[in-house]
Amino acid sequence: MVSLADFGPEVRAEVKQVREVVSDLHKQLITWNLVVWTAGNVSQRLHTADLMVIKPSGVRYEYLTPSSMVVTDLHGNVVDGTESPSTDTLSHAYIYRHLPDVYGVVHTHSVYATAWAAAGLDVPPVLTLMGDEFGGPIPVGPFREVASEAIGEAVVETLKKYPKSPAVLMRNHGPFTIGKDAEAAVKAAAVTEWVSHTIWAARQLGDLTELPQADIDKLNDRYTNVYGQH
Amino acid sequence: MVSLADFGPEVRAEVKQVREVVSDLHKQLITWNLVVWTAGNVSQRLHTADLMVIKPSGVRYEYLTPSSMVVTDLHGNVVDGTESPSTDTLSHAYIYRHLPDVYGVVHTHSVYATAWAAAGLDVPPVLTLMGDEFGGPIPVGPFREVASEAIGEAVVETLKKYPKSPAVLMRNHGPFTIGKDAEAAVKAAAVTEWVSHTIWAARQLGDLTELPQADIDKLNDRYTNVYGQH
Amino acid sequence: MVSLADFGPEVRAEVKQVREVVSDLHKQLITWNLVVWTAGNVSQRLHTADLMVIKPSGVRYEYLTPSSMVVTDLHGNVVDGTESPSTDTLSHAYIYRHLPDVYGVVHTHSVYATAWAAAGLDVPPVLTLMGDEFGGPIPVGPFREVASEAIGEAVVETLKKYPKSPAVLMRNHGPFTIGKDAEAAVKAAAVTEWVSHTIWAARQLGDLTELPQADIDKLNDRYTNVYGQH
Amino acid sequence: MVSLADFGPEVRAEVKQVREVVSDLHKQLITWNLVVWTAGNVSQRLHTADLMVIKPSGVRYEYLTPSSMVVTDLHGNVVDGTESPSTDTLSHAYIYRHLPDVYGVVHTHSVYATAWAAAGLDVPPVLTLMGDEFGGPIPVGPFREVASEAIGEAVVETLKKYPKSPAVLMRNHGPFTIGKDAEAAVKAAAVTEWVSHTIWAARQLGDLTELPQADIDKLNDRYTNVYGQH
């Protein structure tokens, strides 16, 4: 079995840094009210080796530290760490193997995103914030068995049909989000819940009109290329 | 009347440790937004004697300390402590006497779980998180008089019909949850509220489809036997 | 004009202590999510003189201190303090003059209690927690002009019809609550919002059945006479 | 290009102070749950020069400091600061140029205000708190392209029709609020969300009755001229 000692100093340095990033970002899941108890996880892929850092399984958020994070290869085999990795590890690994630009994956059961997933409905693009972040609807993916790579497979399939969306609402389960790093995936998870809540509330007020695709494309283009610090 | 001085050092050491655990876990009721003012309580049964540690009655959460917790026997008689025990003490005691694997009990009035209880409806199993934690619906129990052991009796009766569920929604009252220790019962209370909220919201979006029982059983089996650190 | 220097040391000592209590309890309005910005206020009547201590008008909660609280007589005339008192002062004063057992008054615009007030509906007694705290429905009071004593008058009239309730939902305005001290009134405000939210959510699930009055009376009697530390 | 060094010491002193005010007020957006991740911004216009201080684009709230704020002129040209300014800068600038009494502007995507905006509905004036703060309904403005001054233009047009309202709900987008300083605009943003939530919830309970305009005017007049410390 491979261990971290088999890797060079550059990899070990990145592991150390990514353990801190991933541990820290789990606090954001609490800040944005995306998770209950231990249900939810963040991972980040390394740039220096085919490895990823992920949450340990079933550990309460207040007990997470950089050293309790688990390092696995991209088939979910543990390479470093004293804990068992998240039960969603195989799906995170599948996503990294099949979407080479993705370096961060997040899974939550956030309330309103999961409500849309339970109802089997896409969140319709009726807000500028959705044009920005998703470039269209937030799609629902199929129901799949948990703890195997079946979920990762379905996430990848669904995202191929919605290439601008960083989020999939897995039916009867909850959202999975991706990004160029773990922070971007956490951001997508937070925005997914926020717009799921907003549009859920809007539906109680009356019929909603989707934004025209041309406006959505303009929003998405500007947000992707201009917004933020460059 | 029996007092703690009648017990040996092993029991007194466990009392000391469980006072800390139970006091601390009340903070989790606040963290997960499960209680208002003083309405809700946690208890844990001891392994070294037929005793339990429970919240004092009507004391605000920010004033709870290990030493303000109350120790009673399994009929609710106070054995140690300067405060009166929770008015739900007799029901906690009844549950411990009749469910020998249970070492933790929690009662809250959390908003969405109590909403289902007020409407007299089971929470239907439409989420993987429900398969994991409850193995089926969260059942409603009957309306019973408070502050007697009648509630404990109804909780036990209801759980016999739903042996995989750690939660009962007492009609017109609120959830009671159980676990192998107080932490597991607090977790069940937090997850009960989370899924009650999610599925409440999903119902506003349209008709819901329950997961097939075979999928629920697979989820529950994996969650019980594989999830977490072993 | 009367000033605090005209009162004896016992009164001045009580003023000092009640300034601390009232200042501190405003933090609970934030803890329980009952107020926005500066909209809401707590007062407590003194036992040693016909005076009350109340929040200054329009000051943000994080800036409140014991010394910024305002002391007035029971007609709202300022007796001590550097700030203008709450615009609801005349209504607090009216309540203290007409309900001699009341020593605490709270007003908020908490979301779900105010929603029932906007719809002009009593909150129906469908929960044990309502039997405990209100002994029946939470009644709606009439719409009244703000900043005069008209609101206090309507609160007193409504409570005469519902003598067990510590809360009135003033129509198109928000809840007013009373208690034997300011802490009891804050508690009533917190529980009012909690059950208003819960029963609002329950109504979305289906028809609700009120508890029989005999059960409500039993709950209210036990809660008033047995619950808590004595 | 103009830089801050071209201005006198009085202007540089005001810039320093307003950087602190604006940085600090962004924390209030989090306190009152008005924003997700980086989506929302506060600005304040200076009194000593035609300049404004605004949030940098796409920076997380916990990383904001006085020195990361950006100073621009009233056409959005950067005059001081190391970061790119908010993508809404041109709209803030437009508002300051066309509404000379306005010295604070805030934009959020707060959930319930944005829900009304998505449904294209004014929030009806059914609460005293709305009479106080808005003097009538909270109006919906048209859908406009983001990141240009088109939004500022539409905000100004809408407010001309509703001169007492400090808020406009931009359709399919979210609320913009104004005030005599940034603090007043943040307050308007917080109250906008609070009443949007309350009246949304009230609508689920039944039909709502608007307050008579005479009562609204009385409330608004008192609130504007009497409420608070003078």
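Going by the order they are written in, the chains are A, B, C and D; count residues from 1 in each one.
By definition in this document, contacts are C-beta pairs under 8 Å (C-beta built on N, C-alpha and C of every residue); 3 or more make two chains touch, one makes a residue touch a chain.
Quick caveat, the model's predicted, so the values are computed rather than measured.
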Proportion of interface numbers common to chain B and chain C (over half same, under half different): different
Chain whose average C-alpha position is farthest from chain C's own: A
Centroid distance [mean C-alpha coordinates] between chain B and chain A, Å: 32
Distance from chain D to chain B - Cα centre to Cα centre, in angstrom: 45
Contacts with 2+ other chains: residues of chain B: 204
Those chain pairs that satisfy the touch definition: A-B, A-D, B-C, C-D
Complex interface listing, chain A residues touching chain D: 32, 126-129, 187, 190-191, 193-194, 197-199, 201-202, 204-209, 211, 215, 218-219, 222, 226-230
Residues on chain D engaged by chain A in the complex (per definition of touch): 36-39, 56-59, 83-84, 87, 109, 111-112, 114-116, 118-121, 143, 145-147, 172-174, 200, 203-204
